[in-house]
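Two complexes come next, and they have one chain in common, chain A, joined by chain B in the first and chain C in the second.
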Partner chain A sequence: MKLLRIYRALLTAQLQATAQYRAQAFLYVLFSVIRPIVFLAAWVAVANARGGSVGSFDVADFAGYFIALTLVSHLCMSWFAWEFEQDVAQGNLSPRLLRPLHPIHYAAAANISYKIVTSIGLLPILLLVAVSFHARFQTTLEHLLLFIPSMILAAVLSFLFDWVQASTAFWITRSSQVSFVLGRVSFIFGGQIAPLALLPGVLGTIAYALPFGYMLAVPADILRGGVDPARGLLLVGAQALWVLLFYAALQRVWRAGVREYSAVGA
Partner chain B sequence: MPEVRYARIAAIFLRTEIQYAMAYRANFTFGIVRLFIVVGTSIGAALILFQYTDAMNGWTLPQMIALLGVYYLVQGLADLMFMPSVTKLMEQVRLGTLDFVLLKPANSQFLVSTRYVEPTQIASVIVGAAVVALGASRMQPSPALSDALSFALALACGVALVYSLLIAIGTLAFWFVRMDNLLVIFSSLIEAGRFPVDIYPGWLRATLSTLVPIGIAVTVPAQAISGRVDALGLATIVLVGAGSLVFTAWFWRRGLRSYTGASA
Partner chain C sequence: MNAPVFVRDLAKSYRVHEREEGLGAAMRALVKRRYRDVRAVDGITFEIGEGEVVGFLGPNGAGKTTTLKMLAGLLYPTSGEATVLGHTPWLRESRFLTQITLLMGNRSQLVWDIPAADSFRVLQQIYEIGESDYRVRLDELSDLLDLGPLLHKPVRQLSLGERMKVEFAASLVHAPRVIFLDEPTIGLDVTAQTRIRRFVADYNRRTGATILLTSHYMDDVVALCRRVLVIHHGKLLYDGGLADLATRMAPYKLVVVTLADGASPRFDEFGEVVASEEGRTTVRVPRESAAERTAAIIRAFEQQVVDLSVEDPPIEEVIDRVFSGERPLSQVRS
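What follows is the complex of A and B.
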């Protein structure tokens, strides 16, 4: 109950802070659709060269997938590691460690309020792309019911993953380099260049063994109705496992990191 | 000879910035490692697409790799000098410190375009050129000398187009001060340059060929090295490239007249 009250206060404050920069936020959102559209167009060209389809995907399926992926990756965004490097290097973390509330709650509130404000701008753009590419969704009610937990787990997983990455800043000065490398791994294995089903050979297997797909491709596939519900349930279970794993990892890494932390001037 | 003098000034700017960068050597090294990761994963993405086809909209794999090389070449050249300089220009307009640039006895447009350099991007230019060469070496038949010449010409014009766009955005700061958002738009749209502009739907193709000409700046040189460009296409990019340079020079002078300085 107490946590709920705290979050209400944090969210109110953060929503106001985010709303200050809404023009900028909308612009970022508007152009976050560029990368998915680029790869969508590429797959459309490949499908057309093969007479209309690649595997089980035709042009309309690709459109459905990349639109779902854009929505998922927007809702999964977590950018804490980029700021945290500076916070540790400059000692800005110190006052926040002294507060009675763990810093993760401030970050969570900022993350949620950013998504609330910007999603309003994203939906009409996605609708426009869906119409212009004649996207196909085979979503049933079961898919929608699966998508809700899958999306929440993906967002939580991505947030925890981001925090584990950020914690490397306690030991490495330029921890954003770690985030950069992981971002490129996610580019290949998270489903950004191709639906996981189309990753050739062993790459597809690797993708399902890494956490990145569970933050992006898995919820996107469920949302467009691209997996049958039984398999969907299995994938959501795997997402839950990853969340538990990273939750445990974060607790250990954070505790060890704070002990390692020697603020400037301490 | 004013050209020699300007080339010497540009070389001095470059050398100074390299010396700065060398003070942070680990950072510089990692910048290069990053670059190899980016280019490697991008080629990987192209390979995945070509697992399923021999040609994308008529582009074969070697031609696509050459196009990726052009993409990193153009992007590297833009990020090497123009992007950091324009970002700095906007700050100088806002703070009024552009006064110091205007007082110097050289062309002000030249000074603001070349003063700030991001040395890690030299590697991007080199790697981009190497990737173009890799693609070209795999082409059947291999490119003729005339293809290489029209490639060089188209590339110069493509870079001129991107340069003009960036300087024009920077010049707008004389009237609107905060133009950072337009640079964000440019950085996002540049992503679309990694594939030939002809695969995109009409509205995006039109944008990438006119307002944000990154599409033709990358596609036409890649067509040239692949022997796929016709005389009309080449003539168009030469005309547009040259025209954009003339326009920017005029636009810059026009913008300067609206500059009020620090103490005015």
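What follows is the complex of A and C.
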């Protein structure tokens, strides 16, 4: 109950702060739609050149996938590692460490409020793209019921993953470069360039052994009805395992990192 | 151990990357790095009693802020022990954090884009302050700091002085029992400094909170602290009354003599003349012979003396003498 009350107050404050930057929110929405649409357009061109499909994906499937992926990546986005580098280097973390509330909660509230504000602009655009590309969704009620936990787990996993990376700032001054490199890896293995099912040979196997796909491609595939519910359930279980793993990792890294913190400046 | 703040042999070393200037050294540092341990705090011991306001003095880099950060739980020490209200600070237990505050003059804790009142609501929930207590405390802080409309303006629109007052309120809304203030008046104009000083004194009187304060402005220390800790190169040089500081650190007094008609005869035989203008001369005399020399001055210029006073040197000067190495450290240790 205490945490709920804190979150209500934090969200009230954060929503006001986020709502002040309309231009930033607009640009963000634009940016988050442009990239998947470029990939979608490329895959549509490839599919058309090959007689209408690539593997099991035709143009309407690609549209469904990239639209679902855009929504998922929007709801999963976590950018904390980029800010935390400065917070540690300049000592801005100090005031938050002095409060009897783990700093992760401030970041979580900021993350949620930003998504609430930006989703308002994103959803109509996604709807428009879906209609224009005749996107195919084979979603059943079972898929929708699976999508909810899958989406939540993906968002939590992405957030924890981000925090583990962020915590490297206690040791590495330019820790955002760690995020930069991992972002590139996620580009391939998260399903941002292509659906995981289309990754050639061993790359597909690797993708399912790494955490990136569980933050993006897996919930996207479930949302568009691209996996059968039994396999979907298995994938959600794998997501839960990754969440547990990163939660444990964060506990260890954070505890060790705070000992290293030198609270520079003040 | 029953004192609200207890510190024994506390030390903190930082590992610092070191290299020569120039491109060659930068390239070498890519392959092999050289590190040096810097001892920021070097085994200090002290206690602060309930309700005391203690000034922590020292030049930049002396170890004041590092000590404060350890006592507030931000830093892990390299060795030694400390308890604040019975808790080991760096374990950062919730029970500990709800009873202390560290206000840093050059660090903001408020959300810049929204009015402070909204940030205060967050603090109310974090510290689990009931609505009526919250109202009473906020009214009291508003009253003492004259916050009024400031709480309802976005923080980024406040002036530095206004923001500092709001920061104070944000740091104290949970009614901490131990307060660490690190340069609370830095960058403020004289009026704002005076107001903050008055506020800290009032707050201490009203709540009985224990306060440890660092400041480069001696006026802050003189106005608020009867006791001071002096730290230099990480070592505690002095722990005692502010009044005794001059006695221990400066072995001299200043005799200020004003003669009639602006006369300025030679005073060299009485002591070292440190200032002389329009008949007003300041002579530095050894502390132990101050009475005797003053009597000699009166005897010598009996008819001409208009005014005469014997003073301790200004506290800034006393401290400066110690920090500049003019006064051997062994002689000032309490």
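The criterion applied here is as follows: the second predicted complex is superposed on the first by the 264 of 266 C-alpha atoms of A that agree within 3 Å, B and C clash if a C-alpha of one lies under 4 Å from a C-alpha of the other, contacts with A are read in each partner's own complex, and residues count from 1 in each chain.
To be clear about the criterion, contacts are C-beta pairs under 8 Å (C-beta built on N, C-alpha and C of every residue); 3 or more make two chains touch, one makes a residue touch a chain.
These numbers come from a predicted model, not from an experiment.
Novice: State whether chain B and chain C clash or fit side by side on chain A once the two structures are superposed.
Specialist: Overlaying the two complexes on chain A (C-alpha atoms) leaves chain C and chain B fitting together cleanly.
Novice: Counting touched residues of chain A, say whether chain B or chain C comes out ahead.
Specialist: For chain A, the partner with the higher number of touched residues is B.
Novice: Roughly what angle, nearest 10 degrees, sits at the C-alpha centre of chain A between those of chain B and chain C?
Specialist: Taking the centre of chain A as apex, the angle works out to 90 degrees.
Novice: In the overlay, answer first, second, both or neither for which of chain B and chain C A:L75 touches.
Specialist: In the superposition, A:L75 touches no partner, neither chain B nor chain C.
Novice: Determine the nearest approach in Å between the Cα atoms of chain B and those of chain C after overlaying the two structures.
Specialist: Chain B and chain C, overlaid via chain A, are at closest 7 Å apart by C-alpha.
Novice: Quick check: in the complex, which residue numbers of chain C touch chain A?
Specialist: Residues of chain C touching chain A: 14, 65, 69, 72-76, 92, 94, 97-98, 100-102, 104-109, 111-114, 118-119, 121-128, 182.
Novice: Quick check on the complex: what are the chain B residues that touch chain A?
Specialist: Result: residues 26-27, 30, 34, 37-38, 41, 44-45, 48-49, 51-57, 181, 184-185, 188-189, 191-192, 194-195, 199-201, 203-204 of chain B touch chain A.
Novice: For the complex, which residues does chain A have touching chain C?
Specialist: By the definition above, chain A touches chain C via 2, 5-6, 8-10, 12-14, 16-17, 20-21, 91-92, 94-101, 259, 261-263, 265-266.
Novice: Which residues, counting only chain A, touch chain B once they are in their complex?
Specialist: Of all residues in chain A, those touching chain B are 23-24, 27-28, 31-32, 34-35, 37-39, 41-46, 48-50, 54-55, 132-133, 174, 177, 180-181, 184, 187-188, 193-194, 198-200, 203.
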